[in-house]
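The structures come next, written out as structure tokens.
Common to both upcoming complexes is subunit A, partnered first by subunit B, then by subunit C.
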Partner chain A sequence: MIGSVLRIWPIATNTLREAIRNKLLYALLFFGVLVIGASVLIASLSYVEGERIIQDIGLAAMQLFSVGIAIFVGIGLIHGEVERRTVYTILSKSITRSEFLLGKYLGLLLTVWLQLVLMAVAFAGVSAAAGASLSVTHVVAVLGIAMELAVVVAVATLFSTFTTPMLAAFFALGVYCIGHLTRDLNALGGQADDPVVRGLAQGIYRVLPDLDSFNFSLYAVHGWALAPNDVLWPMLYAVGYVLALLFMATYIFRVRDLK
Partner chain B sequence: MYGNENKTKAKPRLRRRLDSWASATLLGLGFLAVVLVTGFVHQRIPVAPESEQSGRLVPRPEVAQVLSLGFESVVSDYYWLKAVQIAGGARTPGPEQGDYLARLVDLVTYLNPHVGHAYRFAAVWLIQTEEEVREANRLLRRGIESQPEEWRNWFYLGFNHFYYLDETEEAARNLAVASELPGAPAYLSRLVVRLRAESGGLDVAQALLSEMVRDTQTEEALSGYLEALGEIEVERHARDLDSAREAFVETYGRDIESMDELAAFFDPILNRLPRAQPSRVGIELGGESNWVIDPESNQIVSDYYGRRYRVNFASDRAHRIEEWNRSAGTVSESSSEEGAS
Partner chain C sequence: MKRGGQEGAMRELANERIKVEGLVKDFRPGLGLRSRRVLNEVSFSVREGEIYGFVGPNGAGKTTTLKILMGLIRPTAGQATILGHPVSESRFRQEVGFLPENPYFYSFLTAREILDFYARLSGISAADRKPKIAALLRDVGLEHAADARLKTFSKGMLQRVGIAQALIHDPSVVFLDEPMSGLDPIGRKEIRDIILKLRADGRTVFMNTHILTDVEMICDRVAIIVKGHIRYEGPIADLLRGDDMDSDVVLTRLPSDLGIRLQERYGSRVKGMGERIEVRVPDKDVNSLLTASLGAGAEVVSVTRNRHSLEHAFLSAVREGTASYPNEQKEMEKNP
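Up next, the complex of A and B:
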């Protein structure tokens, strides 16, 4: 077990090092911070509730640009290694395919979490400068985004194991969009008279990721209190969902012919 | 021989350099010309002010919610900013703009029911027709549903029922709820008692309007409420003059022939006539207004307003609609005249 961790860690740090050399990461990070800063100007168009608008836009920018980074950097994870043939060198050492994949996942997750922290600092700075209140709930909201990112990175990793970067981007974006619609689909299906349709909607809701469950922005912006369970259950859900996706990704990657 | 070779080599190099400078200059000038022409052309493209773009599409709230993919708050903020621009661009939104505003606020509050001011914004701006006021009330009730502890939503609902719809009982009911919520001013409960006892009156209208003045943050709406308060002030003077007129009839056994008789007779009922215009309007701005006896109604009226104040918008609606149509007619007449000339 410890040996496995020791083998995964260098791959993760190497992936992080490689990812932070990616110009796309900086471009998205720059635009993310730009939107967070511009929220002050946008909010000035309203004569009331400017602080709320600043925080709405700031949290949304953090979420959107982080997901962009997760998907567009994550889709080339495996493909790049196969293209450059470095995967053969790595796998010829005493590293299993599963360890390699987990290292890649962890490295990308660290990358997106790192840029999330940078955007969160920018968000806190802008909020403080604009006089908008900051509380523990804001930290929880960022934690929620981090959980969502863990799931999205796992989705991107899964698709990167068996398809081209372009298709993986489409699939991952599709899952992200559906992930924010599953609650609506379930609610719509629940209104159907046909039990088959109701069951199908419920099934889709359970199988596809419920990304809205990680959204604590409303709590942060409106200063509502959160119970520990409100955070704990989504956190456990994220862990479970990520593990399930990584199991699938590992299986596919293990049986995949890399030649 | 070698010198000649150098000269022949030097010439093309110089020429090449000149050519590259010339092409760079030409490229720069071309770029500048394109930028200037594009800027000129862009300036010529007419842009309708936001307030006139009333026919623009506002997505159905249910559809917008699905398409916003978890970013409902931001989409809601976007449409809120649009609504603010519409209201800010039009001094008095017309019926089409009112409908546009109503749809925008409906969308804003559907996507994020936890917004605060949007409900009161609707109450301030949707007042041109009864349908608009009813729509504003529907939105206020949505606000009450999501924020039942917010006294101002109950207050605005009560105000709308009292002032625009002349539904005193409903107004009293809503104001009573408002008065019991945290943050509500203490006088509100007394106001409710008076409202129930008198079915309204100048004092109630004045108190409600004063609260609206305190809470309103838009200049246009504020001036509307201040104008109504000014009318109430003049109406108080007019009622004093009614009493003086009655005293005159009792004393002299006849009615007054002109207003001056109340103050200028050898044994005057009043020392002097009160101002016939609101105190906030200076004489230099509004000119000196006078009290006159309206030949049609035989009522004492200020020629500043030309009519007596009615407490409720609803009870005075016929007059207001007439006034609205008249001003609309004047605008269309003058525009057609301009077109003809």
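Up next, the complex of A and C:
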């Protein structure tokens, strides 16, 4: 176990070092912070609830740009290593493919969490400057985005083990979009008369990630109260879903030929 | 005698560091397409402390074999073991070093940082890493560039980094894929010296290469692979010693009648006339020629045994291989 951690950690830190050299990351981070800052201008156009508009836009920008970074930096995660053949020398050491993949996942997750922290600092600064209140619920909302990112990075990792970056980006974006609609699909399907449609909607809801379960933005913006279980269950769901995705990814990566 | 022979065979078996038996690999180019056989019943073994050359033309299956040995791809059939462990395992790789062809490393790291990365992957403690890396950088001649980013390195320098990372964990078996490719003569000589040092240190070296002169110079045994079939496997000396070998005999103070007789018998194989001649004769004729010449009062200046060049042996194996399996791919596609 300790041996595994000692092998996974260099891969993770190296992935982080590599990712923070990616210009795309800085471009997305820049625009994320820009939108958070611009929320003040947009809010100034409204006569009412300016603070809420600032925080709504700020949290949405953090979520969207973080997901963008997770997908567009994550899609080449494994594919790039195989294409550039850096993986050959790494796997010739006594590291398993599963450990390598977990290291890559962890490295990318650290990268997106790091930029999330930077955007959260910008968000807090803009909110404070605009006189909008900040509470623990805002921290929970950022934690929710962090959980969603853990799932999205795992999705990107899974697709990057067996397909090209372009297809992986397409699939991961698809999963992200559907992941925000699964609740609505399930609710709509539940009202259908046809049992096949009902079963299908429920099947999609069960298999695809329910990304809306990590969205605490409304609680933060409107100051609604959150019970511990409201956070705990989504957190457990995220951990379970990530483990399932990484299990599939390691299986695919273990059995594939690295040509 | 029989017991001695058995003991010898047992000893040889115990000394085997790499063993490949009946390796087969089929590749399917794409979904719905028929598979193509790139390795066909490949078998060979590599003994402790030897430099083993794996030689073949482009597309013969050399890199595929090496990738199977490194666990990067799986064989369709057959077995391969390193130090007695199936190649699908990963833990024994602590004993194995690997230099891929045209190695690529994280270009944003320096030579010292990339070696530190591989040392950490190999489980080398923090205290041991620093002196180990410094010693390796010195051994491969990169001391001066230790803190330069790899993106500024030439191909030869990257090759040295590749060799250093392959040796960072002190492996007993080292695999090198085209270690001399793209290097200038000085670079080739330096890499050759490093490989010879590995053998002197008691390590086993398996080397894929196109450069036959290097194989001839440093390898103990060799396998020639053509179209996925092993055409020859064994000591390089046996390969170069064919049945139809010749020797060059230089004679002086030769009586004229003997010179004429030799001219009649060997024709254009006789060079020079008069007192001193050189004649190329089949090995089986050397003794009788020497006896006749000495008996006739001639003096023997030299007898030089001609060796086949590896290039000659290699080209013969490729020609025979190409003739033996001309339609293999077509047959494979008909009967996937």
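Going forward, the second predicted complex is superposed on the first by the 259 of 259 C-alpha atoms of A that agree within 3 Å, B and C clash if a C-alpha of one lies under 4 Å from a C-alpha of the other, contacts with A are read in each partner's own complex, and residues count from 1 in each chain.
As a working rule, contacts are C-beta pairs under 8 Å (C-beta built on N, C-alpha and C of every residue); 3 or more make two chains touch, one makes a residue touch a chain.
These numbers come from a predicted model, not from an experiment.
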Which of subunit B and subunit C A:V197 touches, first, second, both or neither: neither
Touched partner set for A:A244, first subunit B, second subunit C, both or neither: neither
Partner chain in contact with A:L114 - subunit B first, subunit C second, else both or neither: neither
Touched partner set for A:V221, first subunit B, second subunit C, both or neither: first
Touched partner set for A:V140, first subunit B, second subunit C, both or neither: neither
Contacts of A:T89 with subunit B and subunit C, given as first, second, both or neither: second
Subunit B versus subunit C as contact partner of A:D212, first or second or both or neither: first
Touching partner for A:I53 - first (subunit B), second (subunit C), both, neither: first
Residues of subunit C that touch subunit A when the two form their complex: 27, 67, 70-74, 90-94, 96-100, 102-106, 108-109, 117-118, 120-123, 162, 165-166, 169, 175
Complex interface listing, subunit A residues touching subunit C: 3, 6-7, 9-11, 14, 17-18, 21, 84-86, 88-97, 255, 257-259
Subunit A-facing residues of subunit B, complex: 65-66, 69-71, 73-74, 76-77, 80-81, 84-85, 112, 114-117, 217-218
List of subunit A residues in touch with subunit B within their complex: 42, 45-49, 52-53, 56-57, 60, 63-64, 176-177, 180-181, 184, 211-212, 215, 217-218, 221-222
